[in-house]
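You will see chain A twice below: alongside chain B first, and alongside chain C after that.
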Partner chain A sequence: MIESDWQLALRREVLLVRRQMGSWINGVCFFVLIGFVYQLLLGSGLELSSQLSISLIWVLALMSIMLVAEHWIKPDITSGYYDSWLGQGRSLHVLMVVKMLIQWLVNGGILALIVPLLAFQLGLEVRLVPWLMLSIFLGSLACMCFCGFGAVITAGQSQSGVLLSIVVVPLNLPPLIFGIGLVIAQAEDFNHVPILAVLIAISLLAIALLPFAMSFGAKIVNE
Partner chain B sequence: MWHNFKRWFYQMGTPVYFFKKSRLWIIWSGVLGAILMLVGVIWGLGFAPADYQQGNSFRIIYIHVPAASLAMSAYVLLAIWGVIFLVWRIKMVDVLAEATIPAGAVLTLIALVTGSIWGIPTWGTAWAADARILSMAFLLFLYIGIYLLRSQVRPFSKAQRLASLLAMIGVINIPIIKYSVEWVSTLHQGATFSLSEKPKMPPSMYLPLIFCILGSYCLLFSWILKQAQRLALQREVGKQWVNEWLQQH
Partner chain C sequence: MLVLQKYFVLREEKPLFQPLDCHFKAGDLWLLQGDNGQGKTTLLRSVQGIYQEFSGTYTWNDSIKPIFIGHANGVHPALTVLENAQIICATLGLSTSQAALLQCMDILSIGLYDQTPANRLSAGQYRKVGLIPLVHPEARGRPWLIDEPFNALDINTCHFIEQLCLAHLKRQQLILMTSHQTVLSPELMALAQYIRLVSPISPTDTSCDSNNKLTVNEHNLI
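Let's look at the complex of A and B:
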């Protein structure tokens, strides 16, 4: 029986995540490590405002995603995997959707699970921690799509890291604003439902539209 | 009618025709823009009444508002060029996009700088952690990112298409900038003009602004065409029409 595009992509991406643990452990370690660095530099007894620690954790999450985004795309392009994928008449868009969803569930899920550790390091109020986990989990899908897109369009170069960060950070503005906004709304007892809805909408739009741009970009880079 | 339009469209898509046909557009839109801008600026700076709260410092809107609205329009224009280039692969459109990037970046910078200058007497600070200011700053970096992508990726044909794609995706930031003053409580005031409401200023204050905005759009149009002419000439070096043109000048 010939596997459909979805099945094959799913099997491949799950295998990749299991076999190349290094690539996502890298990002997760960065996330925790910088948290420790901040704790070391700030010392004990200093209280950060909740707004500061929320945005710090969010930016660290974004940076750790940016750090590993290169590993999602570049090996596939240099090894010619997309060529063989397209050569079998398969849809690159499907591969990108599956890739982003798997990375989100694994990488974004682990980032969200580690958030309590960082929140504890930075002295965030306990009642805000579940909300921060939720907002990072939901928002990281959009962040990963934008970072993946940035990784695709910079993949053709040898030193793509610097260009990637300049290209990707302005694009990540919407999930960042609404992700942080959700937790701050909780902290200050605003109505959080509309912000939550917008955050989910941004992530859904990103996973619906960005894979098209990614597969299109990958075809251009691959030529 | 449709046939004529299509012919005109395809003719403008080739550098030779574009180079010849755009000359009059550049001159007339430049002249019109300069007149409108001059009238608007002199009227606005010299004769419009001072604001009852901000005094004379409000007059910077005659530069600030056109620059800021043009910076965003130029980005939307860039995204439209991107779509057209990716779909139809028209050479000239990419030339126009390349001409739009620096213009847009400089306009964003002008909007940021004039805003800071105005902020000193009015808000008491040149730079605030304000949603509108910061999203404009991100727009500047978006322009820079597109420029860097174009200049660093090789071969150039890939860079053109990747930059078009990035310009298309980056358009999500435009609504964020536009509505940042309404979504988040900010220092920045709301929109000066809106299509659905009467302006909150007397005509003697907003008419010069309209002159300035229209004039700056004409000037930008003229500038982009002029730069596109220069770039078209550069890219087509060695072609026969360029040699002929060089002999005549």
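Let's look at the complex of A and C:
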């Protein structure tokens, strides 16, 4: 029986998440450690405003995603896996959609679960913590797609780190702004529904469109 | 099986070799020859539909997708040998029952390493993981496009791959192969036909030669 593109992509990405545990643990460690170091450097006398700690946690989450994005794409291109995939007339777009969704569920999910740890360290109000978790979980899908896109188009370069951040950081501003905005709206008792809707819309748009860009970019880089 | 007409591939909008007119028939073994960067790998990738920048036409008479074995052939360094075998064979549309794959790995003498991540293997073993589809029973009915199969392999495995190719030819299947290795087994040499890719700025012509020697300026077989 010949597996469909979706089944095969799913099977491969699940295997890769299991075997590449080092790569996403790397991102999670970065997230936690920098948060703790920041807390240490701050000392005890000073208290962070909730705005500052929310944006700090969000930026750390984004940076940890950027840190691991390279590992999603580069081995596939250097090992010529896309050759086998395209050579059998399979759709690279499907592979990219599945890759992003799996990475989001695992990576974004774990980042969101770790948020309380950092939030309590930085003294964020308890009632805001679930909202910060939600905003990071929802927003990280868009961040992953943008970072994945950056990883694809920089995969051919040897010094891809610099290029990746230049390409990816501006793209990530919308999810960042609305992700932080959602929690701040909660803190200040604004109406949060429109912000939540926009955040979800950005993520849905990203997962709908970016995989096309990624598969197109991967074809070019692969040649 | 496969017909090329006025066929050449382009890289950065420049042709890589002089146009080819060739007819590859079932049961043929064709060796692509040419200097480094002359387009051997690119030619294989483009008739497989991976590389799109070419001029002229290629026509497969059959709807069966050939099996393309590239340099690294999609072996992911983090996956174990067995997982790699499963993914690679599934991608090529071959069955992935564990028993069959373990048998393939035993044949290539990497069966002991089924749970070892590929990045812990030696270069030759790593290459063998990529060659697993060639020993897969279901690969017997499809044309093979193989890029540098002998790289990094020990001499026994090279002989074994040659035997595999011979058996494949006896089943009336097409093999297209690039190889820098000049010494093949006599049986295989007797069957091999050559295509020499020549740079477009070179005065000599690209030749398809069905005789067992290299000639230039002697054109097309069709």
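Please note the rule applied: the second predicted complex is superposed on the first by the 222 of 223 C-alpha atoms of A that agree within 3 Å, B and C clash if a C-alpha of one lies under 4 Å from a C-alpha of the other, contacts with A are read in each partner's own complex, and residues count from 1 in each chain.
Convention: a contact is a pair of C-beta atoms (placed from the backbone, for glycine too) under 8 Å apart; a residue touches a chain by one contact, two chains touch by 3 or more.
It should be emphasised that the depicted structure is a prediction, and the values quoted were computed from it without experimental measurement.
Superposition of the two structures on chain A shows chain C fitting alongside chain B with no clash. In the superposition on chain A, A:156 makes contact with chain B only, not with chain C. Of the two partner chains placed by superposition, only chain C is touched by A:3; chain B is not. Once chain A of one complex is fitted onto chain A of the other, the partner contacts of A:173 are limited to chain B, with no touch recorded for chain C.
By the touch criterion defined above, A:217 reaches chain B but does not reach chain C.
When the two complexes are overlaid on their common chain A, residue A:20 makes contact with chain C while staying clear of chain B. Seen from the Cα centre of chain A, chain B and chain C lie 90° apart once the structures are superposed, a value rounded to the nearest 10. Using the contact criterion defined above for the overlaid structures, shared-chain residue A:79 touches chain C, although it does not reach chain B.
Contact with chain C, but none with chain B, is seen for A:90 once the two complexes are overlaid on the shared chain. With both structures placed on the common chain, the touch criterion links A:12 to chain C but leaves chain B unconnected. When both complexes are overlaid on chain A, the residue A:117 reaches neither chain B nor chain C. For the pair chain B and chain C, the minimum alpha-carbon spacing after aligning on chain A is 6 Å. Overlap of the chain B and chain C contact sets on chain A: residues 223.
Of all residues in chain C, those touching chain A in their complex are 45, 48-53, 65, 68, 70-80, 83, 86-88, 90-93, 95, 117. Put simply, chain A touches chain C in their complex at residues 1-3, 8, 11-12, 15-16, 19-20, 75-76, 78-90, 222-223.
Those residues of chain B that touch chain A in the complex are listed here as 86, 131, 135, 138-139, 141-142, 144-145, 148-149, 152-154, 158, 161-162, 165-166, 168-170, 172-173, 176, 184.
On chain A, the positions that touch chain B within their shared complex are 146, 149, 153-154, 156-157, 163, 166-167, 169-171, 173-174, 177, 210, 213, 216-217, 220-221, 223.
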